[in-house]
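Starting off with a structure, shown below.
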Amino acid sequence: MWSFFHKLGSPPWLYGISGSILRWLLPLTLLALVTGLVWGLLFTAPDFRQGNSYRIIYIHVPAAVVALAGYYVMAIAGAINLIWKMKMADVAMKAAAPIGAALTFIALLTGAIWGKPTWGTWWVWDARITSMLILLFLYLGVVALYEAYDNKEAAGKACAVLSLVGTVNIPIIYKSVDWWYSLHQPASIKFTGESSIDPSMLYPLLLMITAFYALFTCCLLMNMRAELLQREARTNWVRKLALAGGRG
Amino acid sequence: MSAPGPAAFCLRLLRRQLVLAVRRPIEIGNPLLFFAMVVALFPLGLGPAPDQLAGFAPGILWIIALLSNLLTSDAVFRSDFDDGSLEQLLLSPQPLYLSVLAYIGAHWLITGLLLALVSPVFALMLNLPGEAIGSLVASLLLGTGVLSLLGCIGAALTVGLKRGGMLISLLILPLYMPVLIFGSAAVQAAVNGSPAGPYLALLGAMLSLAIALAPLAIAAGLRISVDA
Amino acid sequence: MYFQSLDALLHMDGHGVFVWSAYLITSAVIALILVAPGRRRRRFLRQLAGEVKRQQAAAGDTRGGD
Amino acid sequence: MQADKPLLAAESLTLERGGRELFRELSFEVHPGHLFQVEGANGAGKTSLMRILAGLSRYGFTGRVVRSAPMLYLGHQSGVKALLTPRENLAWHVSGSGIYSDQQIESALEQVGLSGYEDVPSHALSAGQHRRVNLARLYLSNCALWLLDEPFTAIDKAGVAQLEALFVRHVERGGAVLMTSHQSLQVEYEVRFLSLLEGVVL
Amino acid sequence: MSAPGPAAFCLRLLRRQLVLAVRRPIEIGNPLLFFAMVVALFPLGLGPAPDQLAGFAPGILWIIALLSNLLTSDAVFRSDFDDGSLEQLLLSPQPLYLSVLAYIGAHWLITGLLLALVSPVFALMLNLPGEAIGSLVASLLLGTGVLSLLGCIGAALTVGLKRGGMLISLLILPLYMPVLIFGSAAVQAAVNGSPAGPYLALLGAMLSLAIALAPLAIAAGLRISVDA
Amino acid sequence: MQADKPLLAAESLTLERGGRELFRELSFEVHPGHLFQVEGANGAGKTSLMRILAGLSRYGFTGRVVRSAPMLYLGHQSGVKALLTPRENLAWHVSGSGIYSDQQIESALEQVGLSGYEDVPSHALSAGQHRRVNLARLYLSNCALWLLDEPFTAIDKAGVAQLEALFVRHVERGGAVLMTSHQSLQVEYEVRFLSLLEGVVL
């Protein structure tokens, strides 16, 4: 167990192992993504109320789910960095933020596009939607704060503090927005809810959710690899790697 | 020449911050002025239908409180950073947790408390029903405390940045949202005649949590900022 | 295959614009986040290789690393 | 003198900044009675070293610093608030290292030549007077270890002579001073140099 | 080593200001983010009823534009004053009127212009009818110019003050009002289907007047601030 | 030397500040070839005088200042923007006194010992390097009259010697320098003192 943690702290080991994980995970992810997309787009029957527009669900929901989960990945990495001063956690946190922001963006955008045919408007100040927008700001805040610091070590610490503070906030945002919403107007817009999901829709959806998780993992690892090299630019193993043209 | 006890030191810091603020009356007047101006702007921008205004008054008042807090929190540590006082604070043998609380306390006194005290005037200008004014003041008192604590986290994290600009508003506005929601909900509840107590209790709980945790984040942020 | 023709697939009873644009933009964003880190890594390695070679040439040393 | 416990010990400090190595494996000890002057051209790394020794920089260097006495650090920035008077600046100083009576503060301000200016807002002081407010803290301090980054900046000749005398008094009483300056000290006391040009020197 | 002509110098100043802003990317993004977040605050505080929101959209958008201008204009001369660049500007052989215009121009480009360009997105989020968007953008383009000019007068007068300044902001703020009134009136007119042209023409007239006179006031204000 | 038109003439300047008279009926002329050093303790009024001479202070004093040559003024504050590189700081300087080629700027920066730092953001420079960026303007300037308020602040010994040589070169070429400093100039040239301690001295 200890030796595992010890290895986790070693950049060349992490670089190597992430390389070999990616070698099989990346093709698998792409395969799952394409299968899920084609399945959802071509082979499922349309929803009886929403017609074909519901096909957006296969990207909208996975993106939203993984975007939310990604924040916790980032915050936990930040906490590890602060408490155990583990450099790899810093790398992971830095790598997670832009991916999370991109997924949040996808969720928002597909939601907005979906809203037009279903609700007749691009944007509604619904509880979930607003909290998603706030999540985007939280991610962007971390990215911007990291970029604003010249000293990257300090940047990592500062972002860790920020993302931890944000974590406390996320459940509050969720709950509070719900309460707030129920006060003001009846839930005229209802998400379809799990119960109405037919297995023929559920399976491709589950596949897509898995694929998005895998996608997140792949992007995280790739970002970490790039970041690792830049941080370790002065060490021998990176220089050797550079001379070998990246294979090694 | 004995070193002062933490409490005595804290009070001295608080006094220092308040004197500094009073010497720059614009600092104190600004949130109020801002408050007054936006209250005046709203009817101008929206058209002054009185009944509609009343419906929106809780939200408007709370949004203004939030914005004026946001605008002033950037400055809490700025001048101390620029003139080197912040370094000295970090090197002090006193517990940083308490010193930070003194800074936040001063900020709250000259923004939050003052705003809460004058808010009834503005509430009347926006036709807020008289019976909601109690919960408006109470919610502002509690809520601006949370806002000051959160705002100072943002201030601490960005004070040392050469290229930060107004980054602080991006960092802390998302954190402000729950306070805004509960604060305006409390007032709205009072307007509708339902009990505002639960919302105020929630704000109180958030305040306690923030008082316990925010100074830790702020202290960490200051150490990072001075180092970078 | 649910759709009868390519045209039906593209049109989707009037929802085609929405569904397709959502899928296209999503694919674009996914492609971006998949490609960007790899490019960043390769560009950095190339740049570093040049730097190392220059240093070695300056030191009159042709061994790889040390 | 070397026998007692050092007030400050630096153990193999190495710092690299902007691709340049500023110092490497720098080790030294500061004992009571030592008067150290850190030497080096502009950009040699004096300020960086002082901040590491004071504990303000915690990342980006390797090595260890051990401090075993209360310390007073004065940096490039004066830490004097323009809106407060000199008296208030000293009484409410954020370093919180002491409670001073009005009399103590007045006498410290007199020592740095600011009597008559106790209650003028500091922004109405000249550059040198502004720095003198800060230097008055030296007369109030009971810290054994002083870390001073260019204390003579903007101070006139009489002021410099007075400060030099103060430093000597402090080290003779068992304190220690580690300072940077581009002027040579004119004192009747053994000055130890720490030169950042050539590496380690004791 | 010949001294540059006034126009060339002005362009160099503009470039300098823009580069300074770009080095602080958050500075540029900030008015936009601020815009976005405050747009998000309103429905949270006021309740999300879409039709009501649409009625308020012109006013809300204009108030936000005004606030973000107000927030950023304070900083136009601040850092140049603090580091001594402003003294050097005043000693320069170049005409101060033009130099000042360069500062204002840079400020407008990174706040007003950018805001006007992205405002359609926010307008859609607040359900503003599509046909009003043209006049929203036009009114913002003209109006933010006036706001930048007025804001810089305030900034020039207050930049050197160690204390006080209250009075000046009291003087400047009322000047903002007509811009807000005509700006939101132009959009409101377009929403109602009446012609927005007259309002836009009025904004244009105000802009011309401000361009002619404001730099004089700003130049005088800077001289006073540096002297004090 | 006194025959030609003065570059700068001060006519019976009197200044009172904070209830103290700093100088009274001060009159002097600065001619080409003059190297003036303004002397005085902290708070004597050197900076106040310089700002009056430069035209930055326009109220609160009596007397008249006549300038008849382009002037370069460097004050206590450096006027160097932290976010710009040294190269940009010089190329886009707000004083707008010249259009310089890249080469001219690089050679000026080299002269002040900043070659290699041309494209580093200025906030990553040390205190002395920061001031040197500003001093590079002296190498670019074609103004005859230099008003320099404590140009040696934070500059190391080598830098001071180099600046002194520059001043001598400038006055020998027909320029004039009026400067304040708390250090005595080490030059082989006639230094005129303007002492604010005792009143007017030529």
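For clarity, chains are labelled A, B, C, D, E and F in written order, and residue numbers in each chain start from 1.
Here is the rule we use: a contact is a pair of C-beta atoms (placed from the backbone, for glycine too) under 8 Å apart; a residue touches a chain by one contact, two chains touch by 3 or more.
Just so it is clear, the model here is predicted, and its values are computed rather than measured.
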Fewest hops from chain B to chain E - one hop per pair of touching chains: 1
E-F or A-D, whichever has more C-beta pairs in contact: E-F
Cα-centroid distance, chain B relative to chain F, in whole angstrom: 46
Distance from chain D to chain B - Cα centre to Cα centre, in angstrom: 37
Inter-centroid spacing, chain F versus chain D (mean Cα positions, whole Å): 29
Centre-of-Cα separation between chain B and chain A, whole angstrom: 32
For chain B, residues that touch 2 or more chains besides their own: 23-24, 82, 162-164, 167, 170, 173-174, 177, 181, 227
Multi-partner residues of chain D (each touching 2 or more other chains): 59, 76, 82-83, 121
Per-residue multi-chain contacts in chain C, two or more chains: none
Chain A to chain C touching residues, read off their complex: 33, 37, 41-46, 51-53, 55-56, 59-60, 63, 95, 98-99, 102, 105-106, 109-110, 113-114, 116-117, 215, 218-219, 222-223, 225-226, 229-230, 233, 236, 238-246
Complex contact set, residues of chain C against chain A: 1-3, 9, 12-16, 18-19, 21-23, 25-27, 29-30, 32-34, 37-38, 40-42, 44-46, 48-49, 52-53, 64-66
Residues of chain B defined as touching chain A within the complex: 150, 153, 157-158, 161-164, 167, 170-171, 173-175, 177-178, 181-182, 185, 188-189, 206, 209, 213-214, 217, 220-221, 224-225, 227-228
Sites on chain F touched by chain D in the complex: 18, 40-47, 76, 113, 120, 124-129, 132, 150, 153-160, 182-183
Touch list for chain B against partner chain F, complex: 162-163
